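You will see chain A twice below: alongside chain B first, and alongside chain C after that.
Then we have the complex of A and B:
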């Protein structure tokens, strides 16, 4: 029936432009219905396990609480306590500091690795192989990759043994493990891939003849990178930045383990409140964090239209 | 006659090698240290070589419920992989057409992906609490992990569908295929390698997930939660032995997925050649 319909209207469309428009509209409507049907399972699951829970967090952030229970109410105390506390500011500065450092390091690493893979590796097989080498660790346990730095950076760890063996230092360096340094190392180790993959995807789409044309026109190596490669891979950079910034801002496990409890982040403080069953302050803290992260992401999206290239 | 590589190639190659060492070096070290002798410690030197810490993993109850949590994690990962494939393939196909609400659906999925995992877990835990339901790894834990694997699967589907040549589908329609026939016999077989990729990501992202599961797994732990608990109270190479075992599982899954993708691609290449032969005969 539908095949007959569309065939008939197709035939008519060849003869009459007005009928073609009508047929197009018909096709869009059945297509739209199919799309809605196909997207429904995703939307239901996300509504139940993401949309609704985030609304509950918002509601609970206005609740009252006592030692063992949360009490439905509409009070602003959780927020005012948050803003009055000096600890809040310190936690945010700490989280933002980690996010900024890790973002800069992973961006430099990610851009150069992607550049090497796309523009220097000539054989496709090598390119796929090296790309897989970069991606495989991402598919293994984050905690294991994190704790694998402990025998490396510890007081009697491999790095210190090597430094002492080479006579570079007399005493083991203390700042390597359970410090901000260790936290940054672990973040970079865990999250650089999130920068490499999107930048690689953007760069792989750049027409290589553009680069040749620029070189033929007399542009030097750095000018080609700065004026062609960089602007054309900004979607990848933006996506990678969103991933890295949100991952660092939302982390509590790495900062806890690798700083040995000396540093804290907004989310690790929140986790302590949850452990103490203080749900409403934790919820308020989560809401503020979500607002800040959303503003950061919106800022990045304002600079670069990510969706256009993703869907296209 | 290969033209000479610029000096920057060698600089980049050296840089890349260092990066790979940075990625794999520490991991390899803990796999070596997991074979530490019975009297050995958490770092070098190796005091002999033994399987002592692997045995301790199975026999000692003091390190926690490794076997049980391992089974739960595998079961959960399979469940998540299956749901992720079905739901994100469907959703990916939806985005090939323009439809009202597509922008909302896209941003909703992205928001779910980048929301700090612990917040999602907190929200689900609070929701279950307010509804008077018990949290468990196979209901609340499953839902929490899907909020992360489904958007990821959707992004992979975008990448796959971006390279998809629509003329095959058009040819099927021209030859009189119904839309279901077209999907089953043309679209899905062409997308199959990518779909295996989605399943691989669904499995491993679930198998290693920590932040979203931490508050939603209920009374029984998944493996990453068990390992997380170990990092705070186990100070023996048992920790490395767990790491070695879980990484071996990840590698087995990766190898199975990649080799089945390679197998399909090769059979396809052979098939194309075979048809060429029959065509010329």
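Then we have the complex of A and C:
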């Protein structure tokens, strides 16, 4: 609501800069109408394709079920089962653990790559060229990029053969594949670009003369990064974090494939339930998941006012 | 504009179809009386039947051949198990012929989505193996009662198809098509030879720690595990195919301890994963399907579907007509299902390692050498090719496990849905996430 109000007043101010104070109230009214009108298509789409399905999921999460039917009812069993099971906690802890590790790694990588592209690569042509190279892996499908790690990391894979050939290890390293390590490697490979792009975007808009001024004033390289680049890249970091965290939390395929089914995620457990036609508990699990991820995103947005930064 | 025209067109088609259906109905009766097949063939050419099933059974080549032989169109749709159940229950009209394995029956029976097949409509009933007709092996011995045996899944108790009868009646749940005996797949070169693995308990042997895998599908994975646990002598199950909660708990506890000790390298959920695990040597002994074993072998890597002394895990598959079929379309469905067991399909599928419910017709579509290899367990007199003509086994090879009844005659437990399946799914999730 606050977003709508401020947009409305902003638009009103822009539309009628010379409006007299007496006409102000009227101006806000038409401005408000115009804004409502402008966001109507999006609202309709969201209501139809997001709101409505979510309501159905919410309704089903209170239903009862047997082997092949869902039975309309209003019971809390699906939720109590979910909260009573220690599996739920374990799954969330595991998903959160992956989200945290992957977030940290992609942030460090993403920040440094973006920093290099923006501040070290001087020519615009090179900048665009290198940026495009970053996106090359995205020309193939997610699945192929992930699965190509399997022959690489396997017991008799290229990496182990190289290590053994070089005499670094005598026995193949087993932890490389079908392990949490493999899952993190695949996530980082898949999601780093989601961090690079928004951070690159924020950094590119930093006025280079600010950096020069800081250096002239005697700030070292580290201080420039810590006090100028980092604060001014906050928006990009926040957006990248939202991408990475929601992608990891919502994943089931990477975790299942790269851990060889040894680890599960919240969503993979949900999929098992759907496969067994147990929709109501799956719906309850989905609702809880949506709430938790929404809270995480809200938390990030609270730390960084993305709107303000983008507008500025 | 175009939309309107195509709308009219469709309506026209439906009307002609209905007319055809009426004519088909009457003529079909005459056919039974006079023994005139396909008198109404001119009406059937507009009929299309959607055949949906697992990728191992709903094979395009089979549909194409049927279309050629029958004169009406068969559309093959290969779908996964959960999609199939979902569509069967929520959009039954999108499927005409449901190619289901027997374990889907408990989900679908009494839901009004399938219709029974009168025994009289199925031409090859007398030639069908007694597994389905009497619940016995050809030597007259009754089959294992653990799990959902073929006989239990084959019959409705009446025309209304409300309940499974569990004994022969006049109403078939499906026309049985293929079946096989599953066991463990091994890498003979990495376990010390084919003869080194003789019992299900070897799956749990500490010397294979970190080199074993299970299928990540609770109803099958838990039976494989139970076969191994029972063989190891931990305890005896009342019925491995219908465990009590207590038995499920004990089984899952053993599995969780094994998993924490690093016994399993992986859990696979797709056919390709099981092939890759074995081919790459990540795993040397695991749950496996027979065509996956063949796929590993076709890469030039030795893989063996090892016969084990406790017996096999058996499964059966059949064709069930959907409830919405009637008139001409239903007659075509019967015609198609009969065609399915008339030999061509049986010959095709034999070369994938599956058995036909009517071996006598499949035999006509196999060479003598192929029959000897696939069904009689004799050493291959010539090179053995798969259905697509690729080399599968060199001359001199023998099928693992031997002849059909050496394999199908030793089923310890049938694939099934347990009474406690909800509890099992939950505990299995705990195991996989532990």
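Heads up, the rule we're going with is that the second predicted complex is superposed on the first by the 261 of 312 C-alpha atoms of A that agree within 3 Å, B and C clash if a C-alpha of one lies under 4 Å from a C-alpha of the other, contacts with A are read in each partner's own complex, and residues count from 1 in each chain.
Following the convention adopted for this analysis, a residue touches a chain if its C-beta (ideal position, glycine included) is under 8 Å from a C-beta of that chain, and two chains touch if they have at least 3 such contacts.
Keep in mind that this is a model prediction, so the values were computed, not measured.
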Residues of chain A touched by chain B versus by chain C: which partner has the larger set? B
I'd like to know which partner A:272 touches here: chain B for first, chain C for second, both or neither. second
Looking at the overlay, what does A:250 touch: chain B (first), chain C (second), both, or neither? first
With both complexes overlaid on chain A, does A:116 touch chain B (first), chain C (second), both or neither? first
By the touch definition at the top of the document, which applies to A:151: first (chain B), second (chain C), both, or neither? both
Show me the chain A residues, by the header's touch rule, that chain B contacts in one structure and chain C contacts in the other. 150-151, 154, 156-157, 257, 274
Quick one: in the complex, what on chain B touches chain A? 5-6, 8-9, 12-13, 15-16, 19-20, 22-27, 29-30, 33, 42-44, 83, 86-88, 90-91, 93-103, 105-106, 108-109, 111-112, 114-120, 122-124, 126-127, 129-130, 143-144, 146-147, 150-151, 154-155, 158-159, 162, 176, 178, 200-201, 204, 207-208, 210-211, 215, 224, 227-228, 231, 239, 242-243, 246-247, 250-251, 253-254, 258
Within the complex, chain C is touched by chain A residues 67-69, 85-87, 90-91, 94, 150-151, 154-157, 174, 177-178, 256-257, 260-264, 269, 272-278
Residues of chain C that touch chain A when the two form their complex: 81-82, 85-86, 89, 106-108, 111, 210, 213, 216, 218, 259, 264-269, 273, 276-277, 280-282, 417, 421-422, 425-426, 428-430, 432-434
Can you name the residues of chain A that touch chain B in the complex? 3, 28, 31-32, 34-39, 41-43, 45-46, 48-54, 56-57, 60, 70, 109, 112-113, 115-117, 120, 130, 132-134, 136-137, 139-145, 147-152, 154, 156-158, 161, 189, 192, 201, 221, 242-243, 246, 249-253, 257, 267, 270-271, 274, 279, 282-283, 286, 289-290, 293, 297, 307, 310-312
